[in-house]
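Letters are used for the chains, namely A, B, C, D and E, taken in the order the chains are written, and counting of residues starts over at 1 for each.
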Amino acid sequence: MTEVQLTISAGQQPSQPSSLRLVLTLGIAGLLSGFAIAGAYQITKPIIDANNARALEAAVFKVVPGSTRMRKLALRDGLLVPVAGDEPVTDPVVYGAYDDAGDFLGYAIEGAGSGFQDIIRLLYGYDPVRRCVIGLEILESRETPGLGDKIYKDAAFQANFEALSVEPPIVVVKDGRDADNEVDAITGATISSLAVVKIINTVTGAWLPDLPPPGEEPPAPPAEPDAPEQEQQGGER
Amino acid sequence: MTRRDPRLLLQSAPFLRRGITTPRLMVDVLIALVPVVLAAVYFFGLSAILVIVAATAGAALTEWVFGPDRRRGGSLTDGSTILTGVLLGLCLPPGIALWMAFLGGAVGVGLGKLVFGGLGQNIFNPALVGRAFLQAAFPTAITTWTQQGAITELLTIRPSNFALPFMQAPAPAADAVDAISAATPLGLMKFQNIPTGVEQLLLGNTAGSLGETCAIVIIICGVILAIRRTFDWRIPVSILGTVAVFSTIVWLFDRTEYPSPWLMLCSGGLLFGAVYMATDPVTSPITPRGAWIFGLGIGLLVVLIRIWGGLPEGVMYAILLMNAATPLIERIAQPRAFGRGRAVA
Amino acid sequence: MNSNLVWIFISAMLVNNFTLYYFLGLCPFFGVSGRLKTAFRLGLATIFVMVITSLCVSFLNAFILPYAPYLRLISFIVVIASTVQFVEMVIKKLSPALFRALGIFLPLITTNCAILYLAISQTKADYSVIEGLVFAVGAGGGFTLALVLMAGLREEVELSNVPAMVKGTALNMIIAGILSLAFMGFAGLFSGT
Amino acid sequence: MNTPPDPGRLYREFAKGIWKENPVFVQVLGMCPMLAVTNSAINAVAMGAATAFVLIGSSFLVSLLRSFIPKQVRISTYIIIIATFVTVADFTLKAAVPSVHKELGAFIALIVVNCLILGRQEAFASRNSVRLAVADAIGMAAGFAFALLCLGATREILGSGSLFGHLLFGEHFEPWVIMVLPPGGFIMLGVILLFFGFLRERKIRRRTRVSEEAAS
Amino acid sequence: MTAGVLGRTFRHGVHPREHKEGTEDLALERMGFVDRYILPLSQHLGAPCKSVVAVGETVTRGQLIAEPGGFVSMALHSPVDGTVAAIAMRRHPNGQMAQSIEIQADAFSTQRMSAASPVDWRSLTLDEFITHVQQAGLVGMGGAAFPAHVKYKLPEGNRCERLLVNGCECEPYLTCDHRLMVEQPDAIIRGVEILAETLGADSSTIGVELNKPESIEALRRAVGDRGSIDIVPLKVKYPQGAEKMLIKAVWGEEVPAGKLPLDLNIVVNNVGTMAALADYFDRGIPVIERALTVAGPGVDRPANLIVPIGTPVRDVLRRCGLNTQARQVVMGGPMMGTSLASLDVPVLKGTSGLLAFTEDVINHTAEYACVRCGQCLEACGNFLNPSRLARLASAGRYDELEKAHIMDCVECGACTYTCPSGVPIVHLIRAAKGMMRARKAKES
């Protein structure tokens, strides 16, 4: 194996160039690099933000079937208040999903927890009227390919979450579901199935008391915001 | 001046040998496997034979082609490769595609043994390397346990055995007997909290890998091998003892949540692994003290993985991990040389 | 909370072992695993640097990076390089014996991608200071475990008649692969379900 | 130094990186990204491109500035230069192909500590003219990308039955999941290196046989 | 067999087939004289002795022909009446050429020894006694041929408390010590008495393995009611005859590694040595002959013989009917002896047996790689890890070998005997020890 000799020992030997020159070189290098990075950041940030927003939107629309508009809602002092898409918030966040007409369809709630291999991050749709989970999207996971990754690859498993009652708490069963609150586990990936259900149960349990009663959700966002305009907004910042 | 007499054969002492050779040790273990194979056939029908033969063929062919012997295939004669193949076959599920079993044998011998220089040089148990490879490669196929056939169906062969190489098994007809998948006793306990009776475990009337279900046969063969000094009895004793102690402790905390010590001891690959896999002399510590530590480590890991891990069964991983730790164990467990370390009167 | 810490530790050390699952720190993993003693020392030094890095990163994340997120990478690398330098100096002053034992490995740690990954992933997971510390100790412990196991195996293999075509990196890769396979047994450990 | 190097030399510096001094197969450098991101061919290509961007860019800059950078702070300066390029690459990828960026994750950032890059600066760019440095960087980058692609393609073909996302063997192919898992990375690279070892040994055997024949 | 006594023993060790049945009942016979004797100047451990005769000189039986070449060296006496035919390089049983005195026997001599006078050992100081033993040419008759007197030179501060006499004869095939014990128990006991009294030992013990009940019986009878000598029956096991193993077996004590029995104030000698000692002090006869066993399927008439030192092996074997099937001749026991490259080498003072093996009994075990079965660990009486030693030795890792206590190995061969893979463990260890000694010599 080729050894790369590294001596990260700046200015150890006494030598000709003055320390001023050393500091200067490093300083200039740092400065230039700072400029370059800041520049790149400025150029790419709006695109990245737009990408993220688009991805989030797609996910929200998927987990709340029929929705075409969404809005970020933060829980402040026990109330759900709409916040701008790029505003940094420290409060818990859900997404409200609305249809073309601006009617509220459901919440998209994010959750995370440990899975078989590593953290699973997911987004699920929740219908407060029916008190049901209505859709599931796995945002991030490193579950075993071919087994645990069926939590997002297996249509049959996903179908469990199309109308899944959360009361009483969801349970995982084998060999077919008999009740509204049951999820049929993936054969050979019971742990991954359990992990998903556990995340949904925990997150739902935490959110339920704080969600406003059905019908009192914050209103739909103004109809116009489309991807290009969002991009512009980001660019102005 | 005298010259060397060409008729006289020069050798170095000692001139006597005990006469028990390495191939004989291998054959001993193979013979001790015959009852296990028979039990597998009894419970799983002809599929068992097919899977074992496929795994052995994979192992043997690899050894024959890439073996270290100058005479091609010479290294097959020591019997170790055949043993590896049979052991691998016995820890596969009955319905596995034959090409997978073959591949497992080839990988086990190729990557688990030959790259290290062949017999005696390997650091991981080749059969388990093959098994772990298959488990990682085909997680679904290798965890699909099929129901045991009735004795009248001894001759039926599972169609999934005959998947084309590199292809999935065809979807079985829904009403076929062997299409009914069954969970292993450990899986039942872990995911559905259903314990399995000890009599059932002892007799082997459960789902599982070919060779691991019938506890009583494995125990008897193990005792015979231990008496014959074919393997180091300390290893299985240490493994089983550790598992018994720790699973009892855990079980006493919550008797419904955690499996009983009997279930822990008699189910899954624990007995098979303790008797036939962990005792592979090449990959286990050579010193008696090392053997105790080795078994202790395996026992602890088995309990850890089975009870708190994501997998229902962890014997294979526990043994592989302790194989990896063997050089470290041997470092701290060298024998005390004569006249050293102890005060002499 | 408590079980979460256990999970962070076990996950970083065994389930998602930096070396065997994320392929991090492979240069020292293959480069320094020839001798058990050196491997163990390097492992300890790495744990130490990881802990300090984790603290620094927590600090950076709390006070500086919110204002200039784009400087994240460059600040991390500067922090790691100077941490290593600093640690080197401190050890030299306080315990020359330990310095002699560790000295040559310390600079190597700078290029250990495990440290940088630790910083990035601690940031991404948004760990608190305590969680970050546990994560660092777990990750460093996992690295050390893998390194020590590997070193033991390599010392063993050195006494075998390994075929010439396999000797060296190819064999090390295969050993690491099988080790990694064995570590798969830890998957799902303490995931709490 | 001022005379432009002849094209032959340029070509040689370029070509050595691809085969004779291939950074992965021969020098065994840059293992971490090599294994971590090669579970599919497309990831391998993206990683190869990002690494190439950083390597070529920093080689160019380091070689250009080599007489200005004091010896004592050279490594720090290199790291700053490399980190800059990496950050830029990171942002660009994230903006252009977010899906790939998500797959590669932190490993783009980890290009900073890829010893291949720092090694080339230290061993080559800081001592040679800009043209040679760039030729060398392109060669090394190509060699690295080639190795990544080899591994990525094999792992994807076996592990998913596809190449660049296209199914190769139809629906019923049983994928070898291990190949897209970490152990598969180690083992596959081990097997490829084994193949190289086999070629090397065969060459040595042939050479000794030839010399033996010449001697007899 | 002594009823009810299981016998003491040490831990570990092996149980090779004894093969003693062919010769254990054959009484010692005297080998006739032949016409040529070869006497290497180096028949013992330590410095070779120096010739004091010239070519052509006439010598008589029992006459001193070479003086000790140092303290760890022995005198050498002519085994026959005859003429010094040559002082030249001759093949040594160890396979090399060694300076030797060749004596042409006088064909007309009766070979009767002129009456020699007994030595009044009671009047000797210990140092004088030691000089006498050295002049008698007495070496350890057990096989290693360590000059006997060196063991009696007690270091400052040590005293011989216990005298231990080795009658184990644990090597398979060999029965000459057994015959000696059965036929000359009085000489042995006499030797023990002389030595015990001179060294001032508190107790004397003779250890005999249980497969030699006759020997035990004879020795007990010879001791009679004197009671000062203890006969201890030992369980049959190899290598019980190794000094440290014998001490462990008899008293359960371990001689610390790197130390000698002397450090525990114990002196260990072979029964053969005791008989020779008595011969010298009582009758004035130096070591000019010894008892040995000729056995193995390669000879038609196995025997226990008393053979003049220097008799060519070829003549001994011819007397015992060496047959045409013999393919290997081993000097010494089958566990620690050496195979001979030529039959024209002489019987030495340390030769306890000559074994002729035929093709069907020669070991042809195929060699497999070590499978680390651990059998060698259970065989090694020294509690070493022979498997590891062999692996380190073949890799040439001398520093680690040193740490693994390779120098504690007594090369008894039990590990190799038991190894199912046929690894020549003890051979590898021996070679590595040689290399290490050479390296050390170079360094100093």
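Simple rule for what comes next: a residue touches a chain if its C-beta (ideal position, glycine included) is under 8 Å from a C-beta of that chain, and two chains touch if they have at least 3 such contacts.
Fair warning: this is a prediction, and the values are worked out from it, not measured in the lab.
S.K.: Check B-C against C-E and say which one is joined by more contacting C-beta pairs.
M.R.: Looking at contacts between chains, B-C has the larger number.
S.K.: Please work out the Cα centroid separation of chain D and chain E, and write it as a whole number of Å.
M.R.: 68
S.K.: In angstrom, rounded to a whole number, how far apart do the mean CA points of chain A and chain B lie?
M.R.: That gives a centre separation of 44 Å.
S.K.: Could you grab the centroid distance between chain C and chain D? Build each centroid from C-alpha atoms only and quote it in angstrom.
M.R.: Roughly 23 Å separates the two chain centres.
S.K.: Using CA atom averages as chain centres, what separation in Å is found between chain A and chain E?
M.R.: Going by mean C-alpha positions, chain A sits 85 Å from chain E.
S.K.: Residues of chain E touching 2+ other chains?
M.R.: 369
S.K.: Indicate the residues of chain B shared as contacts by at least two other chains.
M.R.: Correct list: 111, 115, 117-118, 120-121, 133, 136, 138-139, 310.
S.K.: By the touch rule stated above, which residues of chain C touch at least two different other chains?
M.R.: 30, 70, 74, 81, 110-111, 161, 166, 169-171, 174, 177-178, 181, 184, 187-188, 191, 193
S.K.: Could you list each pair of chains that touch, in label order?
M.R.: A-B, A-C, A-D, B-C, B-D, B-E, C-D, C-E
S.K.: Which of the residues in chain B come into contact with chain E in the complex?
M.R.: So the residues of chain B in touch with chain E come to 1-5, 7-25, 78, 80, 117-121, 232, 281-282, 284, 286-288, 330, 334-340, 342, 344-345.
S.K.: Mind listing the chain C positions that touch chain D in their complex?
M.R.: 20-27, 30, 70, 73-74, 77, 81, 110-113, 116-117, 120-121, 124, 164-174, 176-178, 180-181, 184
S.K.: In the complex of these two chains, what residues of chain E are touching chain C?
M.R.: These residues of chain E touch chain C: 369, 391-392, 395, 397.
S.K.: Taking the complex as given, what residues does chain A use to touch chain B?
M.R.: 116, 144, 146-147, 174, 185, 187-188, 190-191
S.K.: Please give the residue numbers of chain D that touch chain B in the complex, ascending.
M.R.: 169, 172-174, 176-179, 181, 183-184, 187, 190-191, 194
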